[in-house]
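Each of the next two complexes has chain A plus one more chain, namely chain B in the first and chain C in the second.
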Partner chain A sequence: MEQKDIIKLSQVDFTYPEAEQPAVKALNLTLQAGTWTALIGHNGSGKSTVSKLLDGLLFPTNPDSQIMIAGLPLTPETVWEVRKHVGIVFQNPDHQFVGATVADDVAFGLENRGISRAEMQRRIPAVLAQVGMADYADAEPSHLSGGQKQRVAIAGVLALKPQIMILDEATAMLDPEGRKMVIDIVRKMMVQDHLTIISITHDLDEANLADQVLVLDDGQLIATGTPAEVFQKAALLERSGLALPFFYQLKSELMAQGINIPTTITTETELVAYLCQLNLNM
Partner chain B sequence: MTKIIIGRYIPGSALIYKFDARGKLLVTFLFVFAIFLANNWPTYLVATLYTGLAIMGTGLRAHVFWDGVKPMVLLILFTSALQLFFSTGGTVYFHWWGLWLTSTGIVNAIFIFLRFTLIILISTVMTVTTQPLAISDAMEWLLTPLKWVGVPVAQLALVMSIALRFVPTLFDETLKIMNAQKARGADFNSGGLIKRSKAIAPLIIPLFISSLEIAVDLATAMEARGYQGTSGRTRYRVLSWQKYDLLNAGAFVVLLILLKVLG
Partner chain C sequence: MSIKFKHVSYVYAPATPFEQKGLDDVSFELKENQFIALIGHTGSGKSTLMQHFNALLQPSSGEIALAGHRITPTTKQRDLKTLRQQVSLVFQFPEAQLFESTVLADIAFGPKNFGYTDAEAKKLALKWLEKVGLPKSIANKSPFELSGGQMRRVAIAGVMAYEPAILCLDEPAAGLDPKGRHMMLELFKAYQARGHTVILVTHNMDDVADYADDVLVMEHGRLLRHTTPSEVFKDRAWLLKHGLGQPAASEFAAQLAENGLPLLPQPLTLTALTHRLVAHFKGGE
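And now, the complex of A and B:
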């Protein structure tokens, strides 16, 4: 598939009613289809607000703001059409589980879209199998772990065949194992269905695996680029209250000790290999 | 708490589990009226037999049904006692001020006792063998006529099924808040009525706030998943009549005929 701009924001401003400060300021952004973008920033930096703007759950407060999703301008008139292309998985597994059972929950979005029952009976088992929850179709949410519930939420999004999937701290309440499982599933689906992923996260090691990292600070985009480019700017990140991923922390501390690390080294394994070889030379 | 509201359903595989929820709900509902056809020993015997067969049909242990009746025991006994001491007619065995113990009184008391108990037992049979979600679907079906006069039955049914879904979540939330307050030195289990009610306040307020939070999150999640009212929605879960339902209907019709003939 050709690379096209699936999300385009220009001059997007948003202020909550009765708020003094805008939550999002003059945001310009272009994302390409089929890529993984990590959106990071301190608490209250406006990440969730951005995700809600992308799905028309909120509308920009500046009339000159423009949001294009999958080639459609996002306006109150087109919002239901746009929403067909965007799926969101939220943070709290319990607060987004609508159905009484796993299958019912996946069905909820399909029912809203008026999909026929025969089609639902085809899609639901298929998406549950994709997220590894096929055996739990009749399980009640209170009998599932947080990670399982999030996988069901992902299945609910996948069933609607969106082009864009937003994870708003979807793994924040999971243990490392559940977290890894969810991320692996999403990554597989991204490749398989040519999904565009926006992952809002506080886990910088996860962000480090993205194609692109965006850093929000008080509603403004203060850095964008590949993980290597963004995490290079240690001082900037620290000023906006973010810690570096472990690899970059180590690298910058080594540099501070006078050990020069070539810029070609971008992973932990390469760094380990380089350090061992450095030791040999001493 | 979950036990009271939704924990009534007990999984099982007896035939009665396969009956359509609409049929069971309807029969339970009509039974309340049918029992008023009973007015003598043979009719009460028939109604009792019908209930007994239904209970045996569930294949569940007796204490399940005792649990259903237990909360109502005082009310049943009180109502029966009123009948016992305030009915007049027939042979008088005992008379003291306004209280009478008469043969009519004794019979009436037994009938009232049976009527109450049978109604409770039949509804227990329904709730223990039908999943709450199916009951809520059946309720929607039963209320369909109200749609014609503009009652938003489909929305109400959705609200009900979501409410059922969130009972365990709110229950967990309550436990969490209770533990948090206990950790701060709250004591929910001792002291008089006033002290205990006071201890409840720091429980209710956070629970109320967290319920609101859940509601806001849930509304956002529902909207993000394309919910825009119940019109134009399709249904994944549909109830369908089976051949077993003829058994349910048949048994009830036989009951009605016997009550009518013997009464």
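And now, the complex of A and C:
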């Protein structure tokens, strides 16, 4: 029902005070509700600035810029209303904990919003169950593993029922197991709650799982499209300080060495099946 | 000379209700001037072990010998200053420790602290600023005006500038873009090749496969294995059981093997995987 544009940026410019170059230049962007978008780009390309613009931590420096979030124009007047719809999970979970227990920590955001105690008692167990942390409600956050901490941080965001969740390098510090678990949970939430996900990441294999990939360089979008479309542009990505996900690297290496891979093959599983079939036909 | 741990145990908050074993009877011997990877899932004791390399933590029992020092439960901290110059730790998010007014002053702080003159320290700082891939033009900027990735490099330059014989780094490349990550790891590899020991704490199995000579695997404060990357990545079931992953190339090869196309010996890197596939399909056997 809600296949509408939940985020719309038009001609967004942002220049930090005293900076010579704008951090974000003429950015136009439309994201649909309930989709997963990966925002990639080298360090200093403007990714974090974009996430701060989406949450009203920064405002465009060009008066003609427009940012629409969940149907609201984002301005200093509407920022508090808009923030109700946007949750952010940051890279370092230790910087985000305030509560003495896991449940207290999730309650913190709800208290800030003036949610009633009865409602909090309903929501907290529900979101902790959603992220698989129900058994840890009374645990001290400092005793959790990195992956568990990030799941609690996500629960804290989910409890506020946002429409948009921004993951700002949220899996960068996690071990492979923790990383996979966080991604799986967020994906489930996306489908279940029709959540819109924006994942800012350097993990290109993670970006490869998104519905849409945006590549930012010097504050400008230099490529957008499905992962298959974007990761075809190997030279462009490399010039921009990025690399290709493993699957695309392997495919291009094999092609370069004379093993022809049909263009219809776009996933690792398909490539495995294709190579094994090739082996049988030998 | 080598780095030797003999039956090292470490107990957090001993004789309190919070008593917890950080390290449990850990013994190993590392050759110097190698690239060592230290792996294990979160909470396995990697950081506790790392902090023993320069005696930020001293063993509760057992003994450590490295860089001409012997560290026991009773070693006095005041005898350890030269150890700290020889063995440096770079923690996660080292950029959080920047504090000077300029980039150059921040990098020069370490060398100055270990007795270099102002002029020498400044020269070293300039050299390492460039080595970590930063433009000279930022030397007089405040480190706080830089991007996160640049701040990380400034912090690491500040440690490498006094050239410790043993450099221990905890996830130094996390949060860097692919090019920055590659550059950073190549920098450590070159540092090791010039006659230093590099110990890298990492979750990235591709980095282990690409760079490490030796691997230490920790779990529950115990040393589970001390071996080479090719040995540790051989047994997929064992890795899964211990919450560890495989390098992407090995993972892909395992899927091929499951579907009737085994490649031996097991490839650990993209290059090795490509070679084996090309050899298999294009002949040459």
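Here is the rule we go by: the second predicted complex is superposed on the first by the 277 of 282 C-alpha atoms of A that agree within 3 Å, B and C clash if a C-alpha of one lies under 4 Å from a C-alpha of the other, contacts with A are read in each partner's own complex, and residues count from 1 in each chain.
Convention: a residue touches a chain if its C-beta (ideal position, glycine included) is under 8 Å from a C-beta of that chain, and two chains touch if they have at least 3 such contacts.
From a predicted model like this one, the values you see are computed outputs, not experimental measurements.
Trainee: Does chain B (first) or chain C (second) touch A:P162, or do both, or does neither?
Mentor: neither
Trainee: Which partner chains sit in contact with A:C276 here, chain B, chain C, both or neither? Use first/second/both/neither.
Mentor: second
Trainee: Once the structures are superposed on A, label A:N92 by its partner contacts, choosing first (chain B), second (chain C), both or neither.
Mentor: both
Trainee: Report for A:G258: first if it touches chain B alone, second if chain C alone, otherwise both or neither.
Mentor: second
Trainee: For A:L204, using the defined touch cut-off, is the partner it touches chain B, chain C, both, or neither? Pick first, second, both or neither.
Mentor: Only chain C is touched by A:L204; chain B is not.
Trainee: For A:P22, is the partner it touches chain B (first), chain C (second), both, or none of the two (neither)?
Mentor: Neither partner.
Trainee: Go through chain A and flag every residue that touches chain B in one model and chain C in the other.
Mentor: Chain A residues touching both partners: 92.
Trainee: Residues of chain C touching chain A in their complex?
Mentor: So the residues of chain C touching chain A come out as 41-43, 92-93, 147-150, 171, 174-182, 203, 205, 243-245, 248-249, 252, 255-256, 259-261, 270-271, 273-274, 277-278, 280-282.
Trainee: Quick one: in the complex, what on chain A touches chain C?
Mentor: Going through chain A, the ones touching chain C are 41-45, 48, 91-92, 145-147, 169, 172-178, 202, 204-205, 241-243, 246, 249-250, 253-254, 257-259, 268-269, 272-273, 275-276, 278-280, 282.
Trainee: Name, in rising order, each residue of chain A that touches chain B in their complex.
Mentor: Checking each residue of chain A against chain B gives 52, 55, 57, 80, 83-84, 86-88, 90, 92, 94-101, 103-104, 107-117, 120-121, 124, 140-142, 156, 160.
Trainee: Considering the complex alone, what residue numbers of chain B touch chain A?
Mentor: 132-133, 161-162, 164-165, 168-169, 172, 213-214, 217-218, 220-228, 232-238
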